[in-house]
Structures are given as structure tokens and as C-alpha cells.
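The following blocks contain the structures, represented as C-alpha cells.
In the two assemblies presented below, chain A is common to both, partnered first by chain B and then by chain C.
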Partner chain A sequence: MTRARVDAEGTVPPVTVDVEVRQLRLSYGRTVALDDLSLSLPGGRVYGLLGRNGAGKTSLLSVLAGFRRASAGEVLVSGEPVFENSRITRQVCLIRESGDVGDGDDRVKETLDIARHLRPSWDAEYARRLVDRFGVPLDRKVKDLSRGQRSALGIVVGLASRTPLLMFDEAHLGLDAPSREAFQEELIAEVGASPRTVVVSTHLIEEQAPLFEEVLILDRGRLVVQEETDTLLARGTTVTGHAAAVETFTAGMTTLGERRLGRTVEVTVFGDLDDADRVRAGQAGLDLTPMALQDLFIHLTDPDVHRTDPDGGPR
Partner chain B sequence: MFDDRSPIYRQIAERITADVLNGVLLADEQVMSTTQYATYYRINPATAAKAFQQLVDEGVLYKRRGVGMFVSPDAPAALRARRRESFFGDVVDPMVAEARAIGIPLGEIVKRIEQSMNEDVR
Partner chain C sequence: MSRFRHWAVARLLFSTHLPFLVLLWVPVAVLLTAAAGVVAVVGTVNHSVWDIAVPILRWFALGYGAYLTTRMLPLCIAHGRTRREFMIQSSCFVAALTGVLGALLALGYLLEKGVYGLAGWRQQLADERLFDAPDQFWLIALCYWVLLLLWTTVGAFLGAGFTGADEGWGVIALLPAVVLAILASVATGINGLPFVSRLLGESSLGLPIGMLSCLAGYAVGLAITWGLVREIPVRTRTS
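Let's turn to the complex of A and B:
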């Protein structure tokens, strides 16, 4: 269940871990957080996990990290079950919004010490550089850290753990913009130097999107989309123009939404448009604009959307 | 092409192509690594690698195993030839179509081109 990829420069990066989820169900009492969820994450890629609040992102990541036991189904990392399997959990790191930085009475350097003992892959030298870059005070107690410092400490622990499977669940939420940029730079340098499987869940979609090779969208405990970011972006198009012309052009296509301004109509279509479609749109005086990932996300998870032919292509 | 916001990897490939055309990158010169490009543009290194792969397929770059990516020796000339071929389709035809649509006689365009050519000579 591992694979190596040859990158553009022809070097063979180290082996990475795959994630496999089969018919996963997770319920808390009567609440079903995840239902019949199946997905696979081939190793060595950076995945963006998107979903509205309550969609099941944190539940999924908690099961992947072995923090929670699945109610039903299978969760495999490197082909092995994760829950109560220390050989696997040592290779997995999940940083949640709270920072996951342990007991409030510990000092920052003690927290880093604990992380070092938990992770065979821990890089102490890198941790020191990161603490410096993010300005986390080593001698302060964790409970006395500001929200931003706490988030930064979580980021430091995640990055320096250097685990083959690394997950951040809104971990950047407390960071200011410069620190989020620093986080992105560090993450890029890390996966650039040695590919690993990274899952980032976020509401800051546009800011984080360029980091993602693949995007997964969860909605009410189910997987709505898993696709390469470029491919997904190419499938969302906004068609704008005179109402009648828009209606003729979009007839038979999968539409996700519609907005009107006087005689001008803007329709969102989901599906691949070919060159002939684009020529046809040009002749009809219609504007075709690619959609931003955030707009696509909003449409794909809109409970009120009137979707025509949600499973099919544009025609 | 048709869309105004093509995928990031294609924009990077276009940027590198432009650098080769403008002489910012020279024949047989090594280009920055995928990670350096990725960090600069804050994108996934795999996306940057995709741009490089496209340029290798197009013959603009070549790779030396374990060393990195280099500009193909014939890339500047080949790119210029390709640009010349598409010039009329990409630049002149749309201009003529626009002139027709808003009622500028073609004679006026020709006059303007001759004018700017004379200015160049001076």
C-alpha cells in the first residue's frame, strides 16, 4: 500500500503512506457524523478537505488519526487499521484548531519534548527554527500563550513531527496573515523536500487552494467531490449574458445556480465545456468565466440548490 | 486561449516560456527547481512540476537526471518561430474583427501601421 513517484526532475522521493477508507460510519449517540464514507488518498499528495460546519471534517480526521473508533467500516493507513495501533499512530499527526499542544501547565519547551518522545520522525533542529520563525516563547506556559501563539505552537509540532501522514484541522485559524503565509511556505518546502501525505481542512478556501493537489468536499457526512484541483476548477463555469441566449446555451447542462439582474442572467454550470461550446458562447455574445474554488464549494454544498442532472455532464 | 484564468501550472509554463523568448533565461541555462518555483508562487510543488513536465513535452526544457531542468538549446528560436506562426491568428485577426464590429475602415488601420513603421525608422 505504498508507492513512490518520480518527480519532474527524475529523482525518486521516499516511500509515502496511502489512506484507505471503506464504508466508514461514525455516530455519536443518535447523531450520524459520517455515513457510508469511502475514499482513498494515494500517498505523497496534499489534500484539501472542505465542508461546511458540521459536514464531518473533524470527525473524519479524528478517525484517520486514531483518536476515535469507527462505528462501522474500515480505516487503513499503509494498509493497516489505525485505531489502537501504535505502529501506525506514531506515523500520523493531527493538529486540531485548539493546537493540540497538551496540558496548559506545561511550558512550551516541555510540550516540544513530549512531542519528540511521541514521534520517531521528530526533527528537533527544525522545531527550534520554527519556534523562532513563529515567535513562540519557549519558557512560557501553554495556558499563558495568546491564541495566535497557541496555533503557532500547533503548527510547529505538526511540521517538526515530520510524520508520513500529517493533518491540520483548521490549525491555522488563530494565525495572523503573515504567520499563515509562513506556514504555507514551510509546508511547501517540507513536501517539496520529501513528499508526504498531507490533509488540510480549512474554511479559508481561496487562500489555501493553491496548496492542494486534490480537493475533497464533504457534505452532511458524505463525500460530494474528490478531484484534482485543476480538474475541478475547469469544471465550474459562470455563463453571463442576455437571458434568452443564456437559456439556449445552457439547455441540457448541469446547472448549479442562477442569478438575475434585469435582463442579464448569470448561470453556473458544472461540467467540461469544449472548444465548440466556447465558440458557440462567443457567437451568442455570452461571457464565460471560470469559477473560483470557493464559489464552486458554495454551490456544491448548497442544500437549497436546484440542481439539474446532478450526476451527469454538461449535456 | 479562450479563458482568462487558466490553471496555475499553465500560467507558470507561460511565464517560463516568456522568459526564454525575452532572453531572461538563456539556452542551456539551468532553471530554478520545482520547490523554488513552488515556494515563490506559494503553490503545491506537484503543480510546479506539472508546468515543468509540460515544457519538457513541448521541448522548451530538458532534464538532466539528478541535476535539474535546463533550457533546450533550440528553444528560443523554436518559440519565436511558433509565435510568428500564430501572430496573425492571435493578434491580427481579432483586431480586424474588432475594427469591423465598431466600424473602423481597414484602410485607417493600414495607415496607422505605416505611420508607426515610419516613426520606428526615424
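Let's turn to the complex of A and C:
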């Protein structure tokens, strides 16, 4: 679905676009990066894409941006296939970790000029402001930029492209803390001013978590979790107490992990706890604490954790 | 969205690459005139320095073709353009660019004729050329156009072949690359390739057949390039 609006000046701000992925498979030779992956991203939201190294985040984003052709399955943006579809690809911008938005021998200002030529929605004035804010030297060659400056250039290009679907793949790597904060502020301001679909892939989970309205967790090429951030956080609970009491309380629940310290046990459970559960825990002398998103992510993707899964696993 | 926007890749190449490549002609002309002067100081100028030197530009065309598919194509995809858009628009650009360069090289022969005439030097051209006088402007321009056109295309598909999903295609692409390079030499008489003269003697296809063969070769080269880039992935650069 595509929603177009006309603002007070009569210009058409970026529309939001929906993303639909059906039974996506991507393999590199014998290596399967994505396997039978299906997901749906309604437009106008900010999604956090989480996953361990090699989980398939970059592969997924590459297919969404038309950088690669899927081995099987469908990738639809606004209901249309992405790959080699110029109507769609010009509405999509993927900024990658390497910040390779320009040729290394080009100067920064030439890179911005290339973007101006190629991106119909390019906002040169906004790009200039962002360059100033992130301190990217316009006259320096891209290959001579520091890692952080190259990341900043990628962020400038991504934001100033003003595409309806904007994706950042670890694009903030190398940025110092103030610049990462500036990135968050700019992204929030942009999305607030003109809603668009944004996907941020990151390993800096706690730092970036405030951006996310919804979280996607990939693990070994498969979607493990897609959930609203608040709902997901509410579903992760650490139950701490006497071993026997904890065992009784968590019986039948999806447990993600367990740690023992003498007779005290700490069990991570994934699922909704209602008021009755909380009363029961209190009566048993158990301590219930909400999990941080990063801890939840670690547990949900830990290959060494024995996971009891009575309902078929977290989704 | 205007039709103008649909030719964004071509506009980019015309506005940034064309002026740069055309301006390269000036230092080349100055350098070769100076080289002729040096030869005159130490000996006798009895051959066209321009005629000896400018065929080397085919290697530059080869590299430029590879640059287009290995650097510009990923850049255009990263900025929301498709492989098909890039292929169509860059092909048109290359045809125009090599045409302009062909005309500039032909102009170089004319200017050299003037300089040599003033200096009293002899402007002998290589015997095997399809053209035999420096004032055959259009014929010279045509010869260099098809030569650079074919070599740029060869560079494009070799670049795509060696950087695509399967590098093995690059090795396979070497065969049509050699065939098209030889075709360009035979059709124009602008040789300079090792062994080709010995293999083919001084045979010439003649003007109409030679040019038509080169254009057919260009079409084949484009088809090979498209076959290699149509699903080429954009990889993450690690540098």
C-alpha cells in the first residue's frame, strides 16, 4: 500500500511503502544465507533488525534494495518486485557499513553531486546541513576519509536521499558517540516530519533501541522474532529464586536460558505473564525482572542455550 | 517524474566524464608535439608521432570500460538505478564519447599536419591503416570511433566477468575479448597488437565490411556485457 500526501507548500513529501517478503531464500553457492524467510513490514515505522554475525541481516537488506537477486521467493515493495524495477529501486536507499556511496577517488562534494544526479528525491540543502553537522570535509577524497567520516557520509547520503524506504546496515560503525546521537536525532526528526519506512540493522542494540517501533530478530537465516518493541520487552522476564520454586513456576513456559548459583536459579522466560502469574511468583518468593532488549536478543539467538519450547518457539 | 529523470545515468556521465575525458586530449596533444620536437632535436622526424602514439589509447578505453562496470555500475545501483537503466544509458554514452574522441584524434592528425608543415617535417603514416592521409578527417574519426568503441565494450564485459558472481566468466570472456580486439585491428588497420600483424598480414576488410563488422562486434559485445551484468550483485567493499 502506498500513501501519498501533499503538504502545505504543494510538494509531495515521501510516501511510506510497505514491504512484503515471502519464502525468501538466498544462497551463495552452497551457503544458505536466508532460508524460507517471510515477513511483512507495514509502512511508516522504524524497524530494528537484529541478529548475530552471519545471521543474514546484510543479505536481507541487499535483496530488499535490489543489490542482489533472491535465489527463491518474493520481495515486494508497495506490492511490486524490487529487483530491476526502477519504479521501486529509486524509492529505496540502503546505506551499508562500508559507506560505499561514492567512488574512492571522488571527493565528497562529487559524491553528493552523483547522488543529486541519480536520486529524484535528493535534498541538496538538507545534505549540506548534514555535512556541516557531521563534519564531513567536502573537498577530501572519499578514500582519504576516516572510518567515522565515511560512515557519516553514508548517513548524509541516506538521509538526504529522502526515499520512502530507507535502510541502514551498521551505517553508524566508526562514528563517535556524539555523531551517533546526532544520527538518532536526525532520523527521529526526519521520520517525525515525513513518515517513512526505516530499517536499522545494528549491533549497538541498547543504544539504538529507542528508535525502534518494531524489532526483527534473525538467526541463521530465519526470522526468530518480529514484534513491537514494547510488547517484546514485556515478554522477556528473568525469574530468580529457589530452584524448586522456579522450576514449578516456569513449568510449561518457554524458557530461553538458565543460570545457577548454589540453590538459587535464574531462568529467562519468554512469553506473557498475566497478573495471576505475578501474584503466584510473589507468593513463591520469586523475583521477576524485565529483560533489556540486548539480553533478550542474546538469549533468543544463543545456539548453546537449551530452549524449552512448549508452544513451538517465539515468533 | 519527467523523462529527463529517466536518463539520469547518461546525464551524469555526460556532465562529469565527458568533459574530463575530452580535456585529456589537450595534454596528450601537447605532449606528443613536444615529443616530435625532441625527435627533431636528436634526429629526423619522418613519421607521424601522433599516428604512432594514439593507438595506445585503446588500452585506456579498455580500462575505462572496466571502470564503468566495476565502479560506476555498483554506484548507480546503490543510488537506486537498475542494471538495465545503466546498461542502456552507459552504452549510448560510450557510443557518443568514443565518437567525440574519434573526432578529436582525427583533429590531432590535422593539427599535426599543420605543425609538421611549418617545421618542414615528414608526416608519414603507418602503411596498414585504412586511411592513408592526415586530412581524411571523417575516415580517421570513424576508424578511431569503432576501435575505441569495441575496446571500451571489451573492457566492460571483462570487468563484469571478473567481478561478478562467478569469476570464471571472466576467463571465458577472454575469448570474445581477443576476437573483438583483433576484429577492430583488422577492420581499421590500427594494429599494434603483438602477433596480430604476423597472423593476419596486411589484410583489410575494406571500409563498408570493416565498419559493419565492427558494429556487429559492438552488438555482440553489448550482449555479452548485458549477460554478465543483468544479475550482477553489489558487494560490500571492505577497504
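Methods note: the second predicted complex is superposed on the first by the 297 of 315 C-alpha atoms of A that agree within 3 Å, B and C clash if a C-alpha of one lies under 4 Å from a C-alpha of the other, contacts with A are read in each partner's own complex, and residues count from 1 in each chain.
Please note the rule applied: a contact is a pair of C-beta atoms (placed from the backbone, for glycine too) under 8 Å apart; a residue touches a chain by one contact, two chains touch by 3 or more.
The structure presented is a predicted model; accordingly, all values stated were derived computationally and were not measured.
Engineer: Is A:F67 touching anything from chain B or chain C once the two structures are fitted on A? First, second, both or neither.
Structural biologist: Second partner only, chain C.
Engineer: Applying the document's definition of touch, where does A:I114 land relative to chain B and chain C: first, second, both, or neither?
Structural biologist: In the superposition, A:I114 touches chain C alone.
Engineer: With the two complexes superposed on chain A, say which partner A:R90 touches: chain B (first), chain C (second), both, or neither.
Structural biologist: second
Engineer: I'd like to know which partner A:T163 touches here: chain B for first, chain C for second, both or neither.
Structural biologist: second
Engineer: Can A:G104 be said to touch chain B (first), chain C (second), both, or neither?
Structural biologist: Only chain C; A:G104 stays clear of chain B.
Engineer: Which partner does A:N53 contact after superposing on A: first (chain B), second (chain C), both, neither?
Structural biologist: A:N53: touches no partner chain.
Engineer: Note which residues of chain A are touching chain B in the complex, please.
Structural biologist: Result: residues 7-11, 45-46, 181, 184-185, 188-189, 191-193, 210-213, 230, 233-234, 275, 278, 282, 288-290 of chain A touch chain B.
Engineer: Can you list the residues on chain A that touch chain C in the complex?
Structural biologist: 58, 62, 66-69, 84-86, 89-94, 96-98, 100-104, 110, 113-115, 117-120, 143, 161, 163
Engineer: Which of the residues in chain B come into contact with chain A in the complex?
Structural biologist: Touching chain A from chain B are residues 2-5, 7-9, 33-35, 38-39, 41-47, 49-50, 52-53, 56, 63, 65-69.
Engineer: Which residues of chain C touch chain A in the complex?
Structural biologist: Interface residues on chain C, with respect to chain A: 1, 5-6, 8-9, 11-12, 15-16, 71-72, 74-85, 230-231, 233-234, 236-239.
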